[in-house]
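Here come two complexes built around chain A, the first alongside chain B, the second alongside chain C.
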Partner chain A sequence: MTKRLVQGNEAVLLGAVRAGATYFAGYPISPSSEILMQASAYAAAHPELRFLQAEDEIASANAIIGASLAGAKSFTATSGPGFSLMQEAIGYAHKVGVPCVFVDVQRVGPGTGMPTMPGQGDILQTRYGSSGDYTSIVFYPSTVGECFEYTIHAFNAAEESRSPVILLSDAFLGHLNEVVDLDTIEVPVVPRTLERLASGSTRLFSGVLTYEDGEPATADADEFIRQFEAARLAREEAARRYAFYEYGWNKEADTLVICFGITRRISAPLAPYFALFRPIRIWPVLQDELREVAGRYRQIIVIEGSEGQYASVVERVLYRDVQRVPLLGGRMSLEAVREGLDRIGLLPAELAAQSASPVG
Partner chain B sequence: MAVKDKLKEELFPTIWCPGCGIGLIMTQLATVMDEIGLDERNTVIVTGIGCTGRMGAYMRFDSVYTLHGRTLPVAEAIKTVRPELNVIVVSGDGDTASIGGNHLLHSIRRNPNITVLCNNNEIYGLTGGQAGPTTPKGTNTVSSPAGTVASPVNLQGLVNTNPQAYYAKTTVYHQGQMRRAIKEAIDWPGFSFVDITSQCIENNGRRIGFPSANEMLMYFKKEYRQAPSAARHLEHHQLGIVKGSPEAAVPVAPTAGGDGHSAE
Partner chain C sequence: MAAKSVVVDGIGGQGVRVIGNTMATLLGVMGYEVTLLYDYDSSVRGGMSEAFLKYDRAPILNPVVEVADVTLRLADRGPAHLESHHVVADIGLAKPGEEAEEIPFLQLGVEKFGRDLFGNMIALGRMLRLLGVEFTEDDLRAALPRKYLEENVGAIRFGYSLDADAIRHLVPEQAASVFASDYAAAFLAGSAPREAIEQAAATHGAPTGA
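== the complex of A and B ==
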């Protein structure tokens, strides 16, 4: 293949196919619908990819769980309220240990919110959205090529951790077209790890806490803790192999900017003035890497499309205050970044003097 | 092989209350499975939440104990990925027709080749006896002290919105008929639904005036009547089968000059 224009959402679909996905279920919702539509087109031409346009996001999420147990690498894609509807199933997949991939192309919430505007308000939902304690693995690319690359990593991590892995995107990134040659992106593919249904054993895949033999363990705290710890350790161990981040820009600056996904792209003109830390693995949080890098800087600014979801995580990890530049209401632009920096008194003079341009 | 090989008897006694109807369904299902050669290599059981959901744990098969209401999307996806498998859903009326109602509606129209056995005891038993989607109007329950105000879901009507689907009405008293219905439903090449009236003595029966589970079974014996074999619709308290036809015409996409109907 040669270089061509590829859309972020299309790159996710192609990444899933490259990773060996053979089942997709979804429900139309902006700004993720291109993944559904292109999955349907791909499936029509390649019957090995099974496709279901389900009645809602609840069905989609549960269908990919069933498909995975049956032996398929499976995924769904959604946004905002649809992702909220999937939270119960994500918790189930964590409890049961089902490898599968959830793609969340973020828009502005809460509620129906601003369906076609980019947001980053699902950072905490990807970690804490379902009931109870569990360990999430979440990636957030920031280029079309990375949408392809990290979708493959998401499938691999799902297999290695035997858990639902989330790939974050956003309306801007999902609809971004970039010239890229996907064939030059090589990520080894991890084969299936879960023995498929009806292979001769008689297992019980249960959302209810049970003992090995299937008897309920619903009043046994020790059994709960044993299973919880085993799951946590397995997922943390798998996640360690996916500790992706970017550290760059002007490392000699005295202030560190943290941003991710589309805010990384928007903030590019800040490069001469700040150092950059961009987490690609959003969860588990890159605690050691963040501590090591942040220790070199006097100040830290988090630029993100929420009121400060990731900033609060950084503060907790570093035990220090960070400055917030929230880009709200879908206003993802260099101008909004400039205004935000100006508000906290950290806008470099040179940048202030430049004329406004909509995209960096 | 024998019927008992289908069951994990080492886990008995079950968690079901004395007098519960679910065991009667499990026995007939196991009997049919033995008869037609279903085993852990060709069959998967999918159950929902509620007392009935425990059945998968007691059967010697791979079994998926899903979230509340989510049996059908899980079962359909399994059948899609592994068309060679028999996929049997066993769940209660609340799981199937209330919280899972939207999935039921759409599974019926997608017509997957799966079988649903619905333990229809007309109550939320596991949670203590609240009104359910099939509770007859006017029933006194712990969540309807003045009697339920809504009509029960019309499962037969719902299933038969798909002219290619299979619907059977039976009760746990009518064991022979139940067994035949389960067998036919598993054989049916499309969506099949066996609506099995059963009793929950502990959390419903006694409150509505039955002294024991036996009286409830005797009530089923007295009240339910076999429908004429050619019946296209079952009346209240009629037992029978309303089979669609796998070749039945369904509406198709409009085309200029077409009539919008075609055998598919």
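== the complex of A and C ==
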């Protein structure tokens, strides 16, 4: 293949195919719908990918869980409101240990909100959306090429952790077209780890806590803790192999900027003035890496498309205050970043003077 | 070169995506790094539809256009804060005080190529001319769909062939406005009325119908 114009949402689908996905179920919702539409078109030409447009997001989520248990590498794609509907299924998939991938192309919420405008308000929903104690592995790319690359990683991490993995995107990243050659992006594919159905052994897929023989263990705290610890350790061990982040820009600056996804792209002109830490693995939070890097800087600014969801995580991890630059209402632009920096008194003079000039 | 920035400002159904995709594909064929970002309202009909395109020889970092080198305005729905060094607008869409030209794209599409939709390709050709993008016939054909290939090539070539003088005479009011402006400038500089008329006519030609 040669370089060609590829859309972020298309790159997610192609990454899933490269990772060996054989089942997609979904329900259309902006700004993720291109993934469903292209999965449909791809499946029509490639019957090895089974496609279901379900009646809603709840059915979609449960369909991919069923498909995974039956032996397929499966995935779905949605946006904030649909992702909310999927939370119960995600909790079930964690309880049962089902490898599958949920793609959340974020828009401005809550509720229906601004369906085609970019937001980053699902950061905490990916961590705490379902009930009980669990941690999904979550990736958030920031280029079209990375949409492809980290979709493959998401499928790999799902297999290695035997849990649902979430790939975050946003309306701008999903609708961004870039000239890329996806064939040059090489990520080894982890083969299927879960035993297929009808392979000879008896398996029980219960959301209720049970012993291995299927008897309920609903009043056995020791059994709960044993299973909980086993699942936690499996996910932590898998997550360690996916500790992706970017540290760069002006490392000699005294202020560190943290941003991710599309905010990483629009903040690029800040490079001469600040250091950058971009978490690509959003969850589990990159605690050690963040502490090591942040310790070198006097101030920390988190630029994100929410009121401060990731900023609150950083504060908790670092035990120190951070400055917030929230980009709300879909206003993802350098101008909005400049206004935010100005509001907290950290806008570099040179950057203020550039406001009337084209920027790359 | 610094990254060049282009905005196509329209409403859903006008062909903003066709123009954006064609331009981005052409630039990609020519070996440029390109980002093309669509921003649109979720309204079923009549919502804003924007294409933000950047191209460069180096990778593009920030894909969101803040100050455009050229904006193609098919409707006035874009972000109010968006600045542009030059605006190419369909008739009646240029705003007072901005560096703009008006071209009857839809009308030309019908007159020259039989369908108003080819007006979009005429507009694309004009933008490519303004940006100084020098493409070959092979580049162009590789970037276009097979359907209506000859018409699209012809429309882009026609748009590319338009220069400032030709555009002025596509719209009589525009030519008259420029003539009047040049006349006033010559008069205020001290020329007698007849001399001022001659100077304005010599610079740009007399307005159509004059």
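The rule is short, and it goes like this: the second predicted complex is superposed on the first by the 355 of 360 C-alpha atoms of A that agree within 3 Å, B and C clash if a C-alpha of one lies under 4 Å from a C-alpha of the other, contacts with A are read in each partner's own complex, and residues count from 1 in each chain.
Just so we're on the same page, a contact is a pair of C-beta atoms (placed from the backbone, for glycine too) under 8 Å apart; a residue touches a chain by one contact, two chains touch by 3 or more.
It should be emphasised that the depicted structure is a prediction, and the values quoted were computed from it without experimental measurement.
Student: Record, for the superposition on chain A, whether partners chain B and chain C clash or fit.
Tutor: Fit: chain B and chain C sit side by side once superposed on chain A.
Student: Does the superposition put A:T116 against chain B (first), chain C (second), both, or neither?
Tutor: Second partner only, chain C.
Student: I'd like to know which partner A:P269 touches here: chain B for first, chain C for second, both or neither.
Tutor: second
Student: Could you look at A:E335 and tell me whether it touches chain B, chain C, both or neither (first, second, both, neither)?
Tutor: It touches chain C, and chain B stays clear.
Student: Using the touch criterion from the header, give the chain among chain B and chain C with more contacted residues in chain A.
Tutor: B
Student: A:H175 contacts which: chain B (first), chain C (second), both, neither?
Tutor: In the superposed model, A:H175 contacts chain C only, not chain B.
Student: If we overlay the two complexes on their shared chain A, which of chain B and chain C does A:A39 touch? Say first, second, both or neither.
Tutor: Neither chain B nor chain C is touched by A:A39.
Student: Which partner does A:V293 reach: the first (chain B), the second (chain C), both, or neither?
Tutor: neither
Student: Is A:I29 touching anything from chain B or chain C once the two structures are fitted on A? First, second, both or neither.
Tutor: In the superposition, A:I29 touches no partner, neither chain B nor chain C.
Student: By the touch definition at the top of the document, which applies to A:E55: first (chain B), second (chain C), both, or neither?
Tutor: After superposition on chain A, A:E55 lies in contact with chain B alone.
Student: Quick check on the superposed model: minimum Cα to Cα separation from chain B to chain C, whole Å please.
Tutor: Checking C-alpha atoms only, chain B sits 24 Å from chain C at its nearest point.
Student: Counting contacts the way the document defines them, which residues of chain A are shared by the two interfaces, the one with chain B and the one with chain C?
Tutor: The overlap between the chain B and chain C interfaces on chain A is empty, containing no residue.
Student: How about chain B: which of its residues touch chain A in the complex?
Tutor: Residues in contact with chain A: 8, 10-11, 15, 40-44, 46, 49, 56-67, 70, 72-78, 80-82, 85, 102-103, 105-106.
Student: Can you check the complex and tell me which residues of chain A touch chain C?
Tutor: These residues of chain A touch chain C: 3-5, 30, 114-116, 172, 175-179, 265-269, 332-335, 356-360.
Student: Which chain A residues qualify as touching chain B in the complex?
Tutor: So the residues of chain A in touch with chain B come to 22-23, 25, 50, 52, 54-56, 58-60, 62-67, 69-72, 74, 88-89, 92, 196-208, 210, 213-216.
Student: Considering the complex alone, what residue numbers of chain C touch chain A?
Tutor: Within the complex, chain C contacts chain A at residues 2-3, 5, 21, 24-25, 27-28, 32-42, 54, 56, 58, 60-64, 66-69, 81, 83, 85.
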